[in-house]
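What follows is chain A paired twice: with chain B in the first complex and chain C in the second.
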Partner chain A sequence: MKQRKFRTALGVIFSTFEMTLRQNVIDSFILFTILVQPILIALLAIWMLRDQAANHAIFIVIGSGMTGLWSSLLFVSGNSINVERWIGTLESLVASPSPLPWVILGKNLAHVTQSLVSMILSYFLAALIFNLELDIVNPGVFIGSLMLTIVAFVCFGAIIAPIFVMNPGVQGFQNAMEFPVYILCGFLFPIAMLPEWTTPLSYALSPYWAARALHGTSSGALDLPEVLFSWLMLVLFSVGSALLSAFLFRVMLRKARREATLGLE
Partner chain B sequence: MIKHIRLFFQGALLSYKALFRWLRPVTYLASKIIMPLNQILFFTFLGMYASGQQNASFYIIGNAVQMAAISGIYGVTMSIGGDRWEGTLPYLFGTPSNRLVLFFGRGFFHILDGFLGVWIGLFLGVILLGLDLSAANFPALLLIILVTTFSTSGLGLLLGCLSLITRNVMFVNNTVYFLLLIFAGANVPIETLPSWMRSISYALPLTRGISTTRAAVAGETGSVIMPVLSQEFLIGLGYMLLGFILFRWFEQAAKRRGTLEAM
Partner chain C sequence: MNSIEVEHLKRIYTTTIGVIKRTKKEVVAVDDLSFSIPKGELFGLLGPNGAGKTTTIKMLTTLLIPTAGAARIEGYDIVEDARKVRSSIGFIFGGERGLYWRLSAADNLRYFSSLYFVDPEVSRKRIPYLLELVGLKDRAREKVEGYSRGMKQRLHIARTLLHDPDILFLDEPTIGLDPVGARELRQVVRGLHSEGKTILLTTHYMFEADELCERIAVINKGKLVALDSPQGLKKHVEDMNVLEIEVFGIQQDRIESIRSLPLTNSVSVIDRDQRQLLQIHSPSGSEILPQIMAVLGDQPTGRVALREPTLEDAYVRLVKEEA
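Up next is the complex of A and B:
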């Protein structure tokens, strides 16, 4: 029985994943967020760090890719429930036998996976156009970090989406939330440059640990225990986010059904 | 004449109110202060990481002046495109109102808004990042920022016309905004760009605005600043006129083809 339920869940997640990928490739806003903006940021960073670009190439590629991941999480995954409301499919989705969190999980997985394309494109931009050498020092550990990053971002997105639905006031700050995470998580410069009081804020954000793990494993700046610590933090944040998101989904759906506001903005 | 002046100001005020009135004050402030501040901080820290703390003012000034593009591009474009999205375009084109007054009116409040935005950016740069304005030529700075927001709104008016013929204008806006971050010299000294990129830079509004702002902050006099600033003004005017030609062309083409409301 449990096995069948698991297989059904996977089926729902996979079909949502596939459909979201298909929808995203024709959405110009999403294409800008996950492809154009990170590439332009990479281009800008390469130019700004031109004197040191040879040493920083992989740092720039990963950092600009992370900006794409975060922007996609904030603007695309963050709206993954709201968008169903805007196009009038939320009621049918909630009424269907498939639990809403599985559907949103599949959507977020598609958004995050698609955002990684920006990292690959930045890689080719730096390698082919700027002739920069791009070596990943620990490829195996890097792939591990990438996998955990995807999981952490998907879980983080599952918190943001119900929060935006329940608190339109918070969503009003969506535009203002993009750059602070770029800054606090050390995507393109070390957080040591920031005032000391901001460090706890960085530690409280899972994208910081993702950036630390990815930068550290690609450049070889982190030793194994440090990498494992970053991984542990990513796992803890993922589990915490998943539990919090399950709670938020329950509250959101109960509130929407009780107040009959499911389809209302 | 009075009729035209009234149309200009009424149209300008109503289109500005239509764009922002529905927002909560906190949300309005978030997009006017918090977002620009964070952008200035991000690029200034990135710049300091790239070239040292001694160059911080280069990035603070560049990115503060870039704020003109938020109002100039996004605000103006959405003011023009708003008529199409909200379904008021057929009524607008059905009126006998003077199109020139109507079109330029759409940019008026965004010029003032952008002017204020740049000053807020510079003020935050002083408070939070220690930007030194002690040697600044303030009268020149006032004029430069006004002309720069005017010229950037010229580009916005041109892009706004695109919103009358395409649904993907936000893609165009976002791309142009980020390209300005590269080409206009906010973060990369123009002299270090390849010559083909420099040619693009000098054909854009904002480029000369940023360079003259840096000169005015360094205390340069009007004789150095004015020739460059007049070029910035003419470029902005050129974009506005090009936008107006496109606006008129779109109106005639849409009426002829019956596509005024086509999305």
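Up next is the complex of A and C:
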């Protein structure tokens, strides 16, 4: 019984993943968010650090890729609920027997996967155009960090979705959340450059631990216990986010059905 | 056994007015509504705009939680057993929204069939069958954004039949369709009914309800006004005939004069380009005609006809009586 349910869930997640990717490849806003914006940020970072670019090339590539990852999650995942509402499919999704979190999981997975493209693009930009050396010191551990980063981002995105289900107005807060996370999580420069009082804020954000693990394993700046600690934090944040998301979905969906916010009428 | 049971259903919407001093305003959309629909019946829900038809359907399809009362679909409570209800129903809300326009019809159906847990083997056969049923087989691979309104409506029908539900909620399925498209869609609805599906249909087209429905509930301001078969509803106006007179540029004072005639129950005017159609409801049939012609005097007139009252006449009387 459980096995059948698991297979059914995988089917819904995969078909949502596929459907989302098919739609996103022809969406100019999404293409800008995952392709153009991270490239602009990478260009800016390479230019700003041009004297030291050779030493920090991999840092820049991963950092700009993470900006694409975060922006995609924040804007595309959040907005996708509002888009469903505008085109009238949110009601169809909610009224189907598939639990909405399965659908959101498929969507977030698609958004995170496609935003990895921005990391690959930044890599080629730095390697081919700026002729920078891009060695990853611990490739195996780096791949592990990348996998946990994807899980952590997907789980974090699952917190955003139910809030949008309940209240389309939260879209206004998205812009305010984009750049502070770039800075506080050390995507493009180490958080040691920030005032000391901001450090606890960084520790409280899962993207910080993702950036730390990715930067640390690519440059070799972290030893294994430090990498494992970052991984542990990513796992804890992922589990916490998933539990919080499950609670929010239950509460927000009921609230949306009570307050009639699933449709536009 | 009843497929749908509605007991004292009530739904209140709360809105806020004002920016600084916000006051809450409550709107009662559905007020103490009760009815039941036996298995296999095609049931109509009629009412003017804002009567609560769509709100009722949204509650029955688990999209809204009732403020009070209860409803059961196939014995399952719409609030407590929402997931079980969702598996046994299909629904369409009138209009073009509710589809992924950037995907093809086939892709839309494939995605929705996965959401309804349709076995991939089954959906591989069922999707082409449904596309043929609604006449979209030849354009199944085109993006929905290029479809006409009628094609989108038909795709909605196909979408709602993917999991072969026993109960269908069709909210104004023919709205905005051309006469040919609407007729084809009515044919599909008739076919589904003959397969034994329980259907709750809302429409503004009285002839459509008359043609399709076995029983009709008329609601107004959220309350049940009448519940009967189309023939039974027409009995509300069996005491009158409808005299139709085509006129050209009639003055308002003449309409008022006809209204004030002793045997006139009501007069309505339908504008048709340069002409107007006077519909005079009267218990005396053609006997009132000489008096009306006297009022019209030198007014240019066209066709004059006496007809039996229709469901629309009954509906108008019922809704006006409750207004």
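Just so it is clear, the second predicted complex is superposed on the first by the 257 of 265 C-alpha atoms of A that agree within 3 Å, B and C clash if a C-alpha of one lies under 4 Å from a C-alpha of the other, contacts with A are read in each partner's own complex, and residues count from 1 in each chain.
Throughout what follows, contacts are C-beta pairs under 8 Å (C-beta built on N, C-alpha and C of every residue); 3 or more make two chains touch, one makes a residue touch a chain.
Computed from a prediction, not measured in an experiment: that's the story for all the values here.
**Student:** Do chain B and chain C fit side by side on chain A in the superposed arrangement, or is it a clash?
**Tutor:** fit
**Student:** Just checking: does A:N167 make contact with chain B only, chain C only, both, or neither of them? Give me first, second, both or neither.
**Tutor:** neither
**Student:** Could you say whether A:V103 touches chain B, chain C, both of them, or neither, answering first, second, both or neither?
**Tutor:** Only chain C is touched by A:V103; chain B is not.
**Student:** Answer with first, second, both or neither: which of chain B and chain C does A:G11 touch in the superposed model?
**Tutor:** So A:G11 only meets chain C here.
**Student:** Please indicate which partner A:T261 is in contact with in the superposed arrangement: first for chain B, second for chain C, both, or neither.
**Tutor:** In the superposition, A:T261 contacts neither chain B nor chain C.
**Student:** Once the structures are superposed on A, label A:L93 by its partner contacts, choosing first (chain B), second (chain C), both or neither.
**Tutor:** second
**Student:** Where does A:M48 make contact in the superposed view: on chain B (first), on chain C (second), on both, or on neither?
**Tutor:** A:M48: touches chain B, not chain C.
**Student:** Let me test your reading of the model: by the given contact rule, A:R22 touches which partner, first (chain B), second (chain C), both or neither?
**Tutor:** second
**Student:** Closest pair of CA atoms, one in chain B and one in chain C, after superposing: how far apart in Å?
**Tutor:** 10
**Student:** Considering only the contact definition stated at the top, list the common interface residues of chain A for chain B and chain C.
**Tutor:** none
**Student:** Quick check on the complex: what are the chain A residues that touch chain B?
**Tutor:** Those residues of chain A that touch chain B are 28-29, 31-32, 36-37, 40-41, 43-45, 47-52, 169, 172-173, 175-176, 178-180, 182-183, 188-190, 193-194.
**Student:** In their shared complex, at which residues does chain A touch chain C?
**Tutor:** 8, 11-12, 15-16, 19, 22-23, 26-27, 87-89, 91-99, 103, 254, 257-260, 262-263, 265
**Student:** How about chain B: which of its residues touch chain A in the complex?
**Tutor:** It comes out as residues 23-24, 26-27, 30-31, 34-35, 38-39, 41-42, 45-51, 168, 170-171, 174-175, 178-179, 181-182, 187-188, 192-193.
**Student:** Touching residues of chain C toward chain A in the complex: what are they?
**Tutor:** Per the touch definition, chain C meets chain A at residues 13-14, 54, 58, 61-65, 83, 86-87, 91, 93, 95, 97-103, 107, 110-112, 114-117, 120, 159.
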